[in-house]
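Each of the next two complexes has chain A plus one more chain, namely chain B in the first and chain C in the second.
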Partner chain A sequence: MDQALQLLVDGLVEGGRIALVAVGFSLIYSVTRTLHLAHGAILTVAAYLVWWVTAKLGGGLAGGFAVAAIAVVLLGVAHNDLLYRRIREASPGGFMIVVASLATGIIIQNLAGIVFGFDTKDVRTATIGQATAGLRFGPVVLPATNLITLAVTLAVFAVLGWLLMRTRTGKQMRAVQDNPQLARVVGIRTPRVYAVTFAIGSLVSMPAAFFIGLNGGLNTTIGFDAMLLALIVVFAGGIGSLMGTLLASFAVGVLQTMSLLVIDSRWQDTVTFSVLLLLVTLRPRGLLGKLA
Partner chain B sequence: MDYLVSLMVFATIYTIAALSFNLLIGHAGIFSVAHAAFIEIGAYATGILTSRMIGLFPVALVLGAVVSAAVGWVFARATLRVSGDYMVVASFALLVIFGQIFTNWISVTGGGIGLASIPRPGFVDGALLGSDVLFCLMCLFIAALMYFVSHRLVYSPLGRVLRALRENQDAAASLGKFVRRFRGVVFAVSSAMAAVSGSLYAHFMSYISPLDFTVQLTVLVLTMVIVAGTGRLWTVPVASALVMGITDGVRYVDLPEQIAPGAQQVIYGLLLLLFAVLRPEGLLGRKKDEAVRAARHWRSFDEPPRTTGAVGSMAAGSLRGKGGETNNVNAAPKEMLRIDGLNKHFGGLHVIRDVSVTVERGKVTALIGPNGAGKTTLFNLVTGAVPPDGGVVTYEGRRISGLRPDQVAQAGIGRTYQDLKLFAQLTCEENVMTAFPDQPGESAAAALFARGRVQRREAEIRARTAEILAFLGLADKRNELASDLGYAEAKMLALARVLALDPQLLMLDEPCSGLGRAALDKVCSVMNELVAQGRTICLIEHNMALVRQVADRGIFLEHGSLVASGDVETLMANEGLRRRYLGLAETA
Partner chain C sequence: MRQALVRLLGKWLVSAAIATAPVTSHAAGELTVGALFGMTGPSASYGDQQSKGVDIAFAEINGAGGAGGTILKLKIEDHGGVALKGVLALNKLASVDKVPFVFTSFTNIISATASIGTRDKIVMLNGGGTAPTLAGLSPYLFSNVPLENYHIRNEATYANKKLGRKTLGILYVNDALGTADSKTMEQTWKDLGGQVVATQAAATDATDFTGQLTQIWAKKPDAIYIAAGGQQVATALNQKTELGITSQILGTSFWTIPEVLHSAKGASEGVIFSTQQWDPARPSSADAKKFVEAFQAKYGTQPLGNSAAYYAGAHILGDVITALNQAKKPITGPNIREELLHHGTFQTIFGPLNFAPDGTSSMPLTLMTVKNDAFVPVANQ
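Moving on to the complex of A and B:
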């Protein structure tokens, strides 16, 4: 029982990490219909930058996150404005977008390896040290980093929810998501909305790779690997539904950890991805999706 | 020399991988990123067999291909309704699942450490045993065989259906093509070929690990396909060798230690990016000539056109008055299609409410009503494109509700679409030829092995296609791509395509809208001729003057309900209808 409780809490933290990667991807896909597969590699760059500024330049975590934030926004917007826009105009259908974003993803993550080294970095020791402060609720332990992961995840969703529902920019994004043609007709500048969406979508996911790196070390593929799971979680949760993305992320996180009660840990991912594949093929609309 | 031989081996292995991937993404238009998984299945299946169980490489090779084909077939059928970005996502999941299986099923696969000491196939006892040169020759032979298989399939009726599916799955189904079967076939063939390339890889390297078959392998093979140009064939070996040469050559450049591990990926990533942005059609640019070439390829087997069947009489047929009384339709019951209590909801919208109506044999029936009345939905319900929530549709006394669109089409109902749904990147001739029923060449086995039978039927179909195109005034357009046609010509081609099905009941969705006078007359005379042949037409039309001219009977729908049906003149005389809808149209 104690173990199950602990796994449940760990699952929620894992869900938070998934949700952070997923939320940016979800936002970008639902508003711009771009399968932005370079998202993962961009997050990898963010994690490297946080590590580099903190551990190598002594700029502190705040400095690291600031530099990473600038970098991901630039990379995200550059993808949209320099790459996807051209492809959307030249060849309709999403095929070439997928091809191009696979290409830039591979280029970016390997360039990151060339610049920062291909060895796995121990981010935890290099940035926050081995401090193990945290909370303890009876038998359940919640280390500070996990607590922060959860808090950041919930904060990101709350801020994004407020942004989409209350601000002018957010309303424009929802309008474009709903009907791009109509949005253009009523005078919404869709190119600007697209750029803003890529900026926000990249920014909200920025901390994700760092948190993942804290947990298991940092290397060139962590962003891409995390994105693979997040990608299918987004579709399983339902396109166009932030709540669907959040719930599906937590559900998958809990499934990941709770499955350890019955199966060997090495089959964790196989089970998770099989369940998600079934969900996506049997119910393409997703859990809470609006679109078929 | 050794280096050259190994380069050659890799070039052939990648050529096979690229050929198989191109079959899937280029010809069938199914973009799956799981290709590396199928290569992996082949590599492991044969590697395990030859290193632990049976020594015979050819047997293992075939078994590996069969296993991979089975997985591909199941995946294709499971993801039938999944397309576009969803397919990318689903195939990513499949790739991860297989990567995990091969990494973690340690007792069988060796796990993350990999599978080692896979034996080289022993050819003959003696000096040449397992030599690179002999292995290279075997690879060349198998690659040539795979190229031959691709060529046969791509330029066969099966290849044509695959390209039609790529262009428009719904339209292909409405022409009697069983989409799920074709999807399964192309996935199985592509996966089997991918497995062959994996087997060769495993037996050349003699060591494999899951790290050899990550998404990066899919991207590398994808680069070859994109450079070759999707949907092309002979450029594939060239592009594969080129891309392989460039990325492999990087290994021999003296790079600083820090750069080396990523250099290869950066290079083919850049190559892929450059092509995606600057030259998405591949090395040779637009592939219009390819479609024409495909048509020409079969033309060389032309026999002199024979005039056969009902369609043949069209060409000779003259413009006649409406009404099918002159034909021998009296023997059959008057009622051809019967709709009983049909209902359909879209979410909260009740789009078809309890509609019960019949379509009479040999007549032209116009389906009329304001926009949003549910006319096209009624077509979709009858033809099986959309399942009804309730009610029964009977055609010639046989219940057809619940059948798939292709079964409805095969039962004898042909339909056109308001937005035409032509196969844009196919020529006019191919558009029509695709639609013919009973094509033996649509089976992969027949396309490969029963060439004579396939060609005979193909010549027959080609001759009848020429007649149909001539009948609709498209004779000189037969080698033009459907996407290059003008609006009126495109509408004619949609008619030509459905006629190839030889349907007894034609359901035409706004065949006349937007046409000029000359084209309008043409469509009307075609419809008259079809009725004179004893066919039955049900059409959607907004122009009341035109309805009066061509239709015998009318069905009036409003808000999804049947308001009235019967003789056109009687309907027109109905004051209530006049005021509500018809009157408006008449003054317009």
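Moving on to the complex of A and C:
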């Protein structure tokens, strides 16, 4: 029982990391219908900047996150304004956007390697110091970094939910998501909404790569690797559903760790992806269906 | 006219054949050899250390006039720890650079490229891949480091008999090396009368081992053997500490890397692993001392075991080329292979070394631990 509880908590933390990557991607896709695969590479740049400012420039974690925030917003908006907008106008349908997004993602990933080096960076020691025993809650041990990951995940979803439901910008984003033509007719400037969506989508996912790097080291591919699971989670949770994305992320995380109770760990991914396949087959719209 | 044309064509074909044959792949008095190192990715620190070891050795050999007059040059190709990249890299070294010899590393790379070396008669000298499955993999593959089965027996015997640990958990990365190491450790531990209570695998690119460690810790084993390398070792050790796991940690021979000391600072204290005898703080011979001093002068740090292994390998190559030059034999893959097998004892900084017909070698081993953020022989604690 203790073991199952520990695995459950470990799974929730893993789910939190997946959710952080997925939330920005989900927002961007649901509002702009852009399969922004470069999202993962942009997050990787964010993690490198946090590491670089903290470890190399001595600017502290806050300074690192501030620089990273500016960078991801600029990169996200630049992708939309300089690349996707032109492709949308010239070639409606979306496939060329996927190709372009994949290409810029790989370019960014390689540029990050050239600038920062291709070796794995030790984010943990450089930013928060050496590992210490986790906090004990009864039979469950929860490292402080995992607790922070969970807290940040829930905070990001809460703030984004509030933004979408309660603010003028959020309402405009939802209007564009529901019907871009009608939104234009009623005076909503869709290009501006697209730009804002890319900025917010990039910003809310910014901590994701940092937490992944904190857990297992930072290298150029971590963002892209994380995108694979995030992509599946977004569709399994239901396009446009924040809650669906969060639930699907936690479900995948918990499934991955809890499956260890009954199967050999070598079959972990097989089980996870089989369940996801079953879900999207039986319920093609995903767990939940609409934005927030 | 026709005969003249045929003669001309014949001469051209002979010239072309000579120009493309490995035997003339180097200018007179100069030999370019290849290296398949992981210079990028999660295991980049291995390639960095390995190339530095070769670099120091080549500087010494060339500074003394070359190996029997032949100046040695190194062409590094990056495999990034990925088998497919390793295959492309060795194909390039074989077909473009036409090298007769490569330094190679990583079990998965060696396993994937061994057939290319055999096909193109390129000698592959391994100073870093240690899976027991590498023995006899290719007639052109030689390992100047002991394979992991020797290390596993060394550390398992110490943990079981000397420390009295009887139950063992195993965490391994599900690749060629991790799988082979896991099986070897399981059998060895059972042979020693111990019990393996839990075995967990992790994906090759895993960055989270908490689930597997939780499962292992549920059985409260006396010791946990972690068959992983690079940043993954540091991650697993840090997560072990965060989960409050207190079992004795046993590692692999390739743990003499900065990640274990720095990325797993604190979490690696007290781990035990077996490696070839190498203690840069106490060099065991004049040659070893010379290497440590040269390395420190050039790179500002002490050489770890990985650098030392490739330094030793580069000097073995130097001895072989010298012998071939003295015997006035052409420097080809087959001749290098013959010389490695029949040279007799090579004097290395680890001690005397002989190659067995299956390409393996044995040498004195030592048990290492981490104390106060430094690698220390267990006996010197």
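Going forward, the second predicted complex is superposed on the first by the 282 of 292 C-alpha atoms of A that agree within 3 Å, B and C clash if a C-alpha of one lies under 4 Å from a C-alpha of the other, contacts with A are read in each partner's own complex, and residues count from 1 in each chain.
Note that contacts are C-beta pairs under 8 Å (C-beta built on N, C-alpha and C of every residue); 3 or more make two chains touch, one makes a residue touch a chain.
Keep in mind that what you see is a predicted model, and the values were worked out from it rather than measured.
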{"item": "Touching partner for A:Gln181 - first (chain B), second (chain C), both, neither", "value": "neither"}
{"item": "Chain B versus chain C as contact partner of A:Asp269, first or second or both or neither", "value": "both"}
{"item": "Chain B versus chain C as contact partner of A:Phe118, first or second or both or neither", "value": "both"}
{"item": "First (chain B), second (chain C), both or neither touched by A:Val98", "value": "first"}
{"item": "Chain B versus chain C as contact partner of A:Pro143, first or second or both or neither", "value": "second"}
{"item": "Which superposed partner A:Ala90 touches (first chain B, second chain C, both, neither)", "value": "first"}
{"item": "On chain A, positions contacted by chain B and by chain C", "value": "113, 117-118, 266, 269"}
{"item": "Residue ranges of chain C in contact with chain A within the complex", "value": "39-42, 44-45, 48, 80, 174, 200-203, 205-208, 210-212, 214-215, 218, 230-232, 234-235, 237-239, 241-244, 259, 262-267"}
{"item": "Residue ranges of chain B in contact with chain A within the complex", "value": "25, 31, 33, 78-79, 81-82, 84-86, 88-90, 92-94, 96-97, 100-101, 103-104, 215-216, 219, 222-223, 226, 258-259, 261-263, 265-266, 268-270, 272-273, 276-277, 280"}
{"item": "Residue numbers on chain A that touch chain B, as the complex places them", "value": "29, 33, 35, 83, 86-87, 90-91, 93-96, 98-100, 102-107, 110-111, 113-114, 117-118, 220, 224, 228, 231-232, 235, 266-267, 269-270, 273-274, 276-277, 280-281, 284"}
{"item": "Touching residues on chain A, where the partner in the complex is chain C", "value": "2-3, 6-7, 10-11, 13-14, 113, 117-120, 122, 124-125, 130-134, 136, 141, 143, 145-146, 212, 215-217, 219, 221-222, 225, 256-257, 260-261, 264-266, 268-269"}
